[in-house]
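So, here's a batch of structures to check.
After this come two complexes, each holding chain A, first together with chain B and then together with chain C.
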Partner chain A sequence: MRRVLRIYRRSLGAHLRAVLEYEADFWILVVAGLLFQVLNLVFLSAVFAHVPALNGWSYPEAVLLAGTFGFINGLGPLFFEGTWRLARRINHGELDYPLVRPVNVPVQVISGGIGMHGFGDVVGGGAMIGWGLANAGIEWTPVKIVGGLVMLVSSATILLSLIVIGNAVSFWVGGPHPVFAMTLIRTADMAKYPITIYGVAVRAAFTVLVPYAFISFFPATWVLDKEHSWIGLLTPLMAAYCVWLARTVFRAGLRRYDSAGH
Partner chain B sequence: MSLVEARGLTKIFRRPEKDPGLRGALKHLVQRRFKDFRAVDGIDLSIEAGESVAYVGPNGAGKSTTIKLLTGILVPTAGTVSVAGLNPNADRVANARNIGVLFGQRTQLWWDLPVRESLDLLRDMYDLSPAFYKQRLERLDAVLGLGELLPVMSRKLSLGQRMRADLAAALLHQPKIVYLDEPTIGLDIAVKDRVREFLRELRADGTTLMLTTHDLGDIEDVCERIVIIDEGRKIFDGPLAEMKDRFARVRRMHLQLAEVTPLEKLAERLPEVEIVGGESPTEVTITFDRFRYTAGLVIAAVLDVVEVGELHLDEPAIEDVVRKVYAGELLR
Partner chain C sequence: MKPYLGLLRMSARRVLAYRMSSVILWIGGATFLAGSLAVWHALLADGDIGGYDWDRMKAYLLVGWATGALGSAYGDWWMANRILDGHVATDLTKPLDYQWARFSEHMGGLATEFIAIAVAATAVMALTDGLPLPGPGQALLFVLSFLMVAPLKFAIAYITTMVCFWTQNFMGVSWAKDAIVTLFSGALIPLALLPAWLAGPASVLPFASITATPAAIFLEQATGWEALRLLAVQAAWVVALWWGARLIWRRALRALTVHGG
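Take a look at the complex of A and B:
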């Protein structure tokens, strides 16, 4: 495991250096990420300028929720960007070399790139989390601090697993673009608002079918002691399930891989 | 057991069967039809340690697919593979340490990184010690001129440079078994020679080699055994010399005659032989089936008609044999 992590780190580091080869690109992406989070904030402020609370969520609480989502969403490009290139690599038969190296293939795939727009998301989202936590009037206890961190990690794990699952579907689809994963992850965007604003069907789907609600909503309800906050405690379990699913789907896909040409 | 052993190796790809054009594509969306395509069809193959094997066949014969099956990239539809006692698919990681693979048409170098960084990454993946790594780089520099390529970004390499760097990448961990899929494709003569020289050295070091190629020079320079496949089936497997004996039926004799002689007069003496005049009126080339005539018989027949000055006999070229295979002229 340590070896795998070391290889992952080195590979990601190499790609970071590669990205830094194109300096203009780097800055544009970082600024774009930040700007995206600022836009989120502007949108929320506009809504809350008209209503004092949204389905029982105050402005700082909504900022915390959106910030958490933005932060976690930024981890994808920063640490899992290579996953988005899987469809192309399958389509072009470019997994041949990873398959003949003595390293777990998902690690080689996941670390095969880095997207700097994630940097802006993480910084912007992080700032929103900080401001939200400070202004939401939370009573801090040691349990809440540790629990909050565990949930942040679990939430991130869920989203990253979804990225892997969505992209691994490309083993079956075969096209050069990760259309399924795009749909899956774009839809996750809806989870940056309190899911109580959606109808019951959407809520059920986001909880059971695809666990978007566990990415930010349920963990936040636990931290903020909202109604049904106990569901938030299931977040680590959901994360474990998602990791298992991602692993299983990827493995099954790899057995289907049939390279290109013959 | 041999180092590499394949039994009844078969790979069937499922291909969509579509009518041409947009209509066909749309029709396929609702009415999905597939056809099985046997890329590799029941191949048996044993390679001993230290052997160098050329794997030859026309385009689409199943060469690359065989390599992908032997290296564990593809899962066989049927049959078994064992490489150094391991199943390359189930024991993928352990097997990866024993083998080196090069696909000449593709690079494994990281596109946006200098060659040096790509090699450093591979060093980490193969857990090479710093001392071993340094020694390998020096060795690869000596035979491939790797040193000058290290600081260059992969995307800036010429094809020849890229192939040298890719060879280094494939052989960095000093694998016991090396599979090379068209290692000289697209290279100019000078680089080709360098690569072949390198492969000969590799062989001399005791590395087991299997290479697919369309360049017959690669085969004659590097390999002692040749396996020919066509349509996924093995049609010849043996020493290069034996292949020539068995399949190179046609020999060619070039003669310098003492005086101008009508070709018909020679033809009378040598039925079923092709006689062609050369550049000058006294030059003659006789092509004969060596199972019908010996070189001695041909000369004796000519000497009955006219004195002969110079003569030389072409070596049977494997090119002729392989060309026939490609054209489908050899019997199964």
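Take a look at the complex of A and C:
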């Protein structure tokens, strides 16, 4: 395990150095990531200038929710960007290279790139979390601080697992673009608002079928002591399940890989 | 004319060759539309916001989504990658006008989009008890303004991809463009609801012609001379950006570096 982590760190570090060579590109990506968080904030502030609450969520609470989602979303490009290149590698038969190296294949795939727009998302989302927490009138207890942190880690684990699962589906779908993963992760965007605004079918699907609601909604309801907040406590369990599922799907896909002929 | 039609046909075929990808992308687009409908349904539950009730907002969101979807799937990444790969060098050797050639390809890429937009419009009408529809004259103006969105979005995308002559990566540029267009076109939220410091620039930038103009005509907020004025502004932007792109192109060519061959 230590060896795997070390290789992950070194591979990611190599990509980071490569990206930093192009300074203009780096800044454009960071600003682009930040702009999207600003967009979320503009939307919420424009809307809340006209209404006091969105389905029982006040402005600071909604900012906290959207910020959490943005923050966790930014971790994908920063730490799992290589996963998005899996479809292309399968399509071009380039997965042969990781397969013949004496290192765990998923680690080589996951650390195969770094997206600096994640940096903008993390900074923008983080600022929104900070502002939301300070203004939502939360009564802090030690349990809440520890629980909140555990949930943040669990939520991140869930989203990163979904990225792996979505991209591993490329083993079956084919084509050079990870369209399934793009759709899977884009749909997650719906979870940046309180999921109570959606119909029963969507709520059920987001809780049980694809656990988008555990990425930001249930953890936030727990921290804010809202209705059904106990479901937030299931987040770590859901995270463990997602990790297991991602591992299983990736392995099954890898067994199916048949290169592309050169 | 003939080679350009050939390019148009080829790019339409390319879209149709990756049917599965298109379908999955459209499902993604549909969930986005459903999401924004749900958000606004909840927001409007307690009454109007800035003159928009649920019926009008539904129509606004549908027009906004459709204008956003037009030409978004292919075009710009295709153009950007040719510049980044250096393939643009072979394009330059062809006896075609580069901008017209890319425009033809862009229009060919719209092949599936009108179908998808029709499907989405039908679904919204069926699932949310209809839409307020404009009268026949107004509908004609709306169609004109909607069709003008295609060349307008092409010009903006074309100018954006030319940034690739100076940078090595298109993703950040494309996202920054998307963010700016989403905000200032009115696709994020109707421009009337924006705070004044954002509504001001939005009214003088070309992006309002992408979403705000077709939506205002569809919702009959702009009728008669006002509608014609908005159409004229749209047309003026198409022409201005088209010729502006030519100027930038001339400069960009000087920055072109292609390694190896």
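Basically, the second predicted complex is superposed on the first by the 261 of 262 C-alpha atoms of A that agree within 3 Å, B and C clash if a C-alpha of one lies under 4 Å from a C-alpha of the other, contacts with A are read in each partner's own complex, and residues count from 1 in each chain.
Following the convention adopted for this analysis, a contact is a pair of C-beta atoms (placed from the backbone, for glycine too) under 8 Å apart; a residue touches a chain by one contact, two chains touch by 3 or more.
Everything numeric in this text was worked out from a predicted model, so none of it was measured.
K.L.:
Will chain C clash with chain B on chain A after the two structures are superposed, or do they fit?
P.N.:
fit
K.L.:
Give one of first, second, both or neither to describe whether A:97 is in contact with chain B, with chain C, with both, or with none.
P.N.:
first
K.L.:
First (chain B), second (chain C), both or neither: which does A:42 touch?
P.N.:
Touch status of A:42: second partner only.
K.L.:
Once the two structures are placed together by chain A, how many degrees is the angle at chain A between chain B and chain C, based on Cα centres and rounded to a multiple of 10?
P.N.:
90
K.L.:
Could you let me know whether more residues of chain A are touched by chain B or by chain C?
P.N.:
Counted on chain A, the partner with more touching residues turns out to be C.
K.L.:
Touch test for A:150: chain B only (first), chain C only (second), both, or neither?
P.N.:
In the superposed model, A:150 contacts neither chain B nor chain C.
K.L.:
Based on the superposed arrangement, let me know which partner A:233 touches: chain B (first), chain C (second), both, or neither?
P.N.:
In the superposition, A:233 contacts neither chain B nor chain C.
K.L.:
For A:259, using the defined touch cut-off, is the partner it touches chain B, chain C, both, or neither? Pick first, second, both or neither.
P.N.:
In the superposed model, A:259 contacts chain B only, not chain C.
K.L.:
Touching A:10 in the superposition: chain B (first), chain C (second), both, neither?
P.N.:
In the superposition, A:10 contacts chain B only.
K.L.:
Scan A:198 for contacts with chain B and chain C and give back first, second, both or neither.
P.N.:
Touch partner of A:198: chain C, not chain B.
K.L.:
Across all Cα pairs of chain B and chain C, what is the smallest distance in the superposition, given in whole Å?
P.N.:
Nearest C-alpha pair, chain B versus chain C: 7 Å apart.
K.L.:
Give the list of chain A residues in touch with chain B in this complex.
P.N.:
Touching chain B: residues 3, 6-7, 10-11, 14-15, 17-19, 21, 93-97, 99-104, 255, 257-259, 261-262 of chain A.
K.L.:
Name, in rising order, each residue of chain B that touches chain A in their complex.
P.N.:
Spelled out, the residues of chain B in touch with chain A are 13, 39, 60, 62, 64-65, 68, 71-75, 92-94, 96-97, 99, 101, 103, 105-106, 108, 110, 112-113, 117, 120-122, 124-127, 153.
K.L.:
Under the definition above, what is the set of chain A residues touching chain C in their complex?
P.N.:
Answer in residue numbers: 22, 24-25, 28-33, 35-36, 38-39, 42-43, 45-47, 49-51, 54-55, 115-117, 173, 175, 177, 179-180, 182-183, 186-187, 189-190, 193, 197-199, 202.
K.L.:
What residues on chain C touch chain A, complex-wise?
P.N.:
Listed in rising order, the residues are 18, 20-21, 24-25, 27-28, 31-32, 34-35, 38-39, 41-43, 46, 49-50, 166-169, 171-173, 175-176, 179-180, 182-183, 188-189, 193-195, 198.
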